[in-house]
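What follows is a single structure, written as structure tokens, with notes after it.
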Amino acid sequence: MKRQVPLIITFIVGVVLIVSVFFPRVEGWNEDFSIFFDIIAVFAYFLGGGNLIRVHLDKVNKKKRDWGFSIVTLFGFLLMLAAGLFKLWNPGGFTADVAATGSLFQLMYDWIFNPLGATMYALLAFYVASASYRAFRAKNRDATILLIASFVILLGRTPLGVYATSWIPESFSLLQIPNLAIWIMTSPNLAGQRAIMIGIALGVVSMSLRLILGVERTHLGAGNE
Amino acid sequence: MEEIGLWLGAFFTLGIISFLYKDNPWYKISESVFVGVSAGYWFIVSFWDNLYGKLFVGVFENQDYILLVGGVFGVMMLLRLLPKGGWISRWPLAFIVGAISGFYLMNYFSSNVMKQVYSTMLPLFSNEFGEPVFSASVADSVGTIMVAVGTFAGLIYFFFSKEHKGVFGGAAKFGIWVIMVTFGASFGYTVMSRMSLLIGRMYFIFGEWLKLIE
Amino acid sequence: MIDSENSNKSAIFFVSIILSVFLPVLPAISQEAVDSADSSAGDPVAVFVPEPPRNVTAVDHNYDRGENVDVSWDLSVDDTSAMFLGYDVYRRAEGEGEFKLIGTVPAGVDTLQDRSTKADTGYVYKVVARTAQGEAPPVITERVVPDLEMVNFKLWNVFLIGLFVSGAVIFFISHAKRGKKLFIRKIAGLEAIDDAIGRATEMGRSILFIPGINDMDDVQTIAGITILGRVARVVADYEISINMPVARSIVLATARETIKEAYASAGRPDSYNDDMVRYITDEQFGYVAAVDGIMVRDKPATCFYLGAFFAESLILAETGNSIGAIQIAGTAMPAQLPFFVAACDFTLIGEELFAASAYLSNEPRQLGSLKGQDVGKLAAMVAIALGMLGTTFVEIWDSSFVDDFNWFIHRLFSIVS
């Protein structure tokens, strides 16, 4: 029974949401579900936050590797929680918006959270260069095609691409890099995107049906038949 | 006050960038602070927006009692902390999986299958392309045929129940080439935008913090 | 402190600029005023009151939740005049005393959709044609009561095609029960899982599993978790450790259930430890910063990235490359696939991510669903071919059959709201 009830819940809820698309009276159930999910996620935060505290406290207590940094993590987490729950330094007091300008919560967001996130994002510039360098040493035909296409698109958006092939006569203008870039985007790129998207959608349909019908049940820790 | 913010921002920016050289204590501090502060941040946002804003206000001010269902499921999730309570925490998971499966089945089907098929139904040649039919319209016709053939070949590549041999295998091979061109186009397109992110951070370091550039 | 001497100089400078611009044109402006005064003094004022629109109707919009009413009319005979401005549409709901303006449309437009009605409430509309100088008498509609239809018949095509594709999947799932062996082609990334985990065992290092950064409300995360169940079973058999940092709390709970069950079914329930799965943070780049740290410090031999990823995909894959790990990725985010393809050893492209769990299970029913997917792809190709033929022939062949066929095939795949 303990194993069956979750499968029955999945089946009923899945079928109801599929069918609700065709019945205007209950079409709004999708949005209601979204709100239920947000509420469930908040309760789940207690599990996640609790796990974070427990793991780092454990590291500190047992003096595991890098235990000192766990103190930093715990301090940052608890300070942010306090700043947000008690609305510390908030000019409007406890009833004001938690992210009011001048509040400790907003200051920590502006001074700590934002620069860290923006810098991690900026690291992508370095990583895309190293990934491109590896792709340059393409060892098979598929990687070579990927490399050539990316090169044409990249150059097509720069003045260098315009100058490099400006000597090509008008009758072969498709071979000029900017035109070639446009053709790649509107022809093979579009074809590939369509094939991938149709494939993904059919994969989602198939997996969803397996989940709803209970054929796939590893996520419930139920094993398979 | 602003100076403190600038120095903190610069400290953490350089700490993260130092990871490119190798793992070091400066990066570890930055990482630890980021994890702690960001985890706290999203907890607080979710607490005020969802627990208070949706559940508390919804139930006690708007009398929208159906929201209590979400609350009950939420409490069931927490019961996994009890030694014997783990099995009931599967019910909210089952609810979520069922709802997501049902919702996305229809959503992906209509937007990714039907719309994409509809958009590919273009004419092979048309009076609208140019006059007469077989002159200025050749380039458009070739483009349309390329899109259709490329889409077919890509779909053939993804076939699971037929071996990629013979003519079918040749079509599948062409399909993966088309997909590689797609990936290459996406890769090339994104490179420039990634570079601009780095320029933004460099401007912060050399402009706002060190004040070396206007 | 304001410097009063400089302030005076600035004021004089500013006034001089203004005068030097306007003085030369003052005679022209004053002449124009005189001319218009002269001309207007003599002509009578013409007030243009337009004719009202005709056949004004308000009709309930079908197959919605009663929140739309379509108001339409025949254009006023003065609609094409240069002085004509457009139409104002007013609404009065049951129980209200006054008409309220709900929208204005320009000349030449003969319809407006009111999107803020409520089902089972009566509404009356009035449409007023307008010029700059006058308004036509209002034309008031009959009372309309928008209602909530039971079934949205406009989606008949979605129902039919959905039934066909779902039916194919369900047919092959049940057909496979009868023991007929289905051929499924090899997917390199999935065939490599056993070897990749074996390599980790030989090196005495761990497996890192990243189920994406979205929550369980993303179907890709669910796909990643279903694959986790299979991978965890192999990991349990090989008796090595799996390290799974997660970015969402619900994923934390689900992953623990999944891995615990995998260890139990491998006959090693005591080897399972809740600390195999730990929560990091919901923040995308905070999570990636922590995972990068885990990678360079713990040096896992094999990394799995299976789920929904965004810009951080490249950071993860490149860091994995720097530690020499085998990397198997899979996502249905088209924008991230190129980075995984460029940086990882094996990549499951889109649909392959959703097929992976069925593939790894090797169960006939699950493999049957993959055949159903293939039927869907075949149907899409046939539909595209027929649609292209229809669109082409309707241009060059004047035939009612071709017109009807073309209309039907397009209607079959269009979403009408």
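In this document, chain identifiers A, B and C correspond to the written order of the chains, with residue numbering beginning at 1 in each.
In this section, a residue touches a chain if its C-beta (ideal position, glycine included) is under 8 Å from a C-beta of that chain, and two chains touch if they have at least 3 such contacts.
Everything quoted here is computed from the prediction, not taken from an experiment.
In graph terms, with chains as vertices and touches as edges, which category applies: line, ring, star, complete, or other?
Shape = complete; every chain linked to every other.
Farthest from chain B by Cα centre, which chain is it? Let me know.
C
If you tally contacts for every chain pair, which pair is highest?
A-B
What whole-Å value do you get for the distance between chain B and chain C if each is reduced to the mean of its CA atoms?
Chain centroid spacing, chain B to chain C, equals 11 Å.
Calculate how many whole Å lie between the centre of chain A and the centre of chain B, each centre taken as the average of the chain's C-alpha atoms.
4
Where the CA atoms of chain A average out and where those of chain C average out, how many Å apart are those spots?
So the centre of chain A lies 14 Å away from the centre of chain C.
Can you tell me which residues of chain A touch two or more of the remaining chains?
Residues 21, 37, 40-41, 44-49, 52, 66, 113, 116-117, 120-121, 123-124, 128, 132, 135, 143, 146, 150, 193, 196-200, 202, 204-205, 207-209, 211, 219-221 of chain A each touch two or more of the other chains.
Provide the list of chain C residues touching at least two other chains, using ranges where the numbers run on.
Chain C, residues with two or more chain partners: 158, 165-166, 217, 219, 222, 250, 253-254, 257, 279-283, 285-286, 289, 297, 334, 337-339, 341-342, 349-352, 355, 370, 373, 376-377, 380.
At least two partner chains per residue is the criterion; list those residues in chain B.
16, 19, 28, 30-31, 34-39, 41, 43, 77, 80, 90, 93, 96-97, 101, 104-106, 108-109, 113, 116-117, 120, 148, 151-152, 155, 158, 179-180, 182-184, 186-187, 190
Considering the complex alone, what residue numbers of chain A touch chain C?
21-25, 27-28, 34, 37, 40-41, 44-49, 51-52, 55, 65-66, 113, 116-117, 120-121, 123-124, 127-128, 130-132, 134-135, 143, 146, 150, 193, 196-200, 202-211, 213, 215-216, 218-225
Within their complex, state which residues of chain A touch chain B.
My answer: residues 2, 5-7, 9-18, 21, 30, 32-33, 35-50, 52, 66, 69-70, 72-81, 83-85, 98, 105, 107-126, 128, 132, 135, 141-143, 145-154, 157, 183-202, 204-205, 207-209, 211-212, 219-221.
Under the definition above, what is the set of chain B residues touching chain C in their complex?
For chain B paired with chain C, touching residues are 16, 19, 22-23, 27-28, 30-31, 34-39, 41-43, 77, 80, 86, 89-90, 93, 96-97, 100-101, 104-106, 108-110, 113-118, 120-128, 133, 144, 148, 151-152, 155, 158-164, 179-180, 182-184, 186-187, 190.
If we count contacts the way the header does, which residues on chain C are in touch with chain A in the complex?
63-65, 148-152, 155, 158-159, 165-166, 169-170, 173, 215, 217, 219, 222-223, 225-226, 228-230, 248-250, 252-254, 257-258, 260-262, 265, 275, 278-286, 288-289, 297, 311-312, 314-315, 317-318, 321, 332, 334, 337-339, 341-343, 349-355, 357-358, 361, 363, 365-366, 369-370, 372-373, 376-377, 380
In their shared complex, at which residues does chain B touch chain A?
Spelled out, the residues of chain B in touch with chain A are 4-5, 8-10, 12-13, 16-17, 19-20, 28-41, 43-51, 54-55, 58, 66-67, 69-71, 73-75, 77-78, 80-81, 87, 90-99, 101-106, 108-109, 111-113, 116-117, 119-120, 143, 146-155, 157-158, 175-192, 194-195, 197-198, 200-201, 204.
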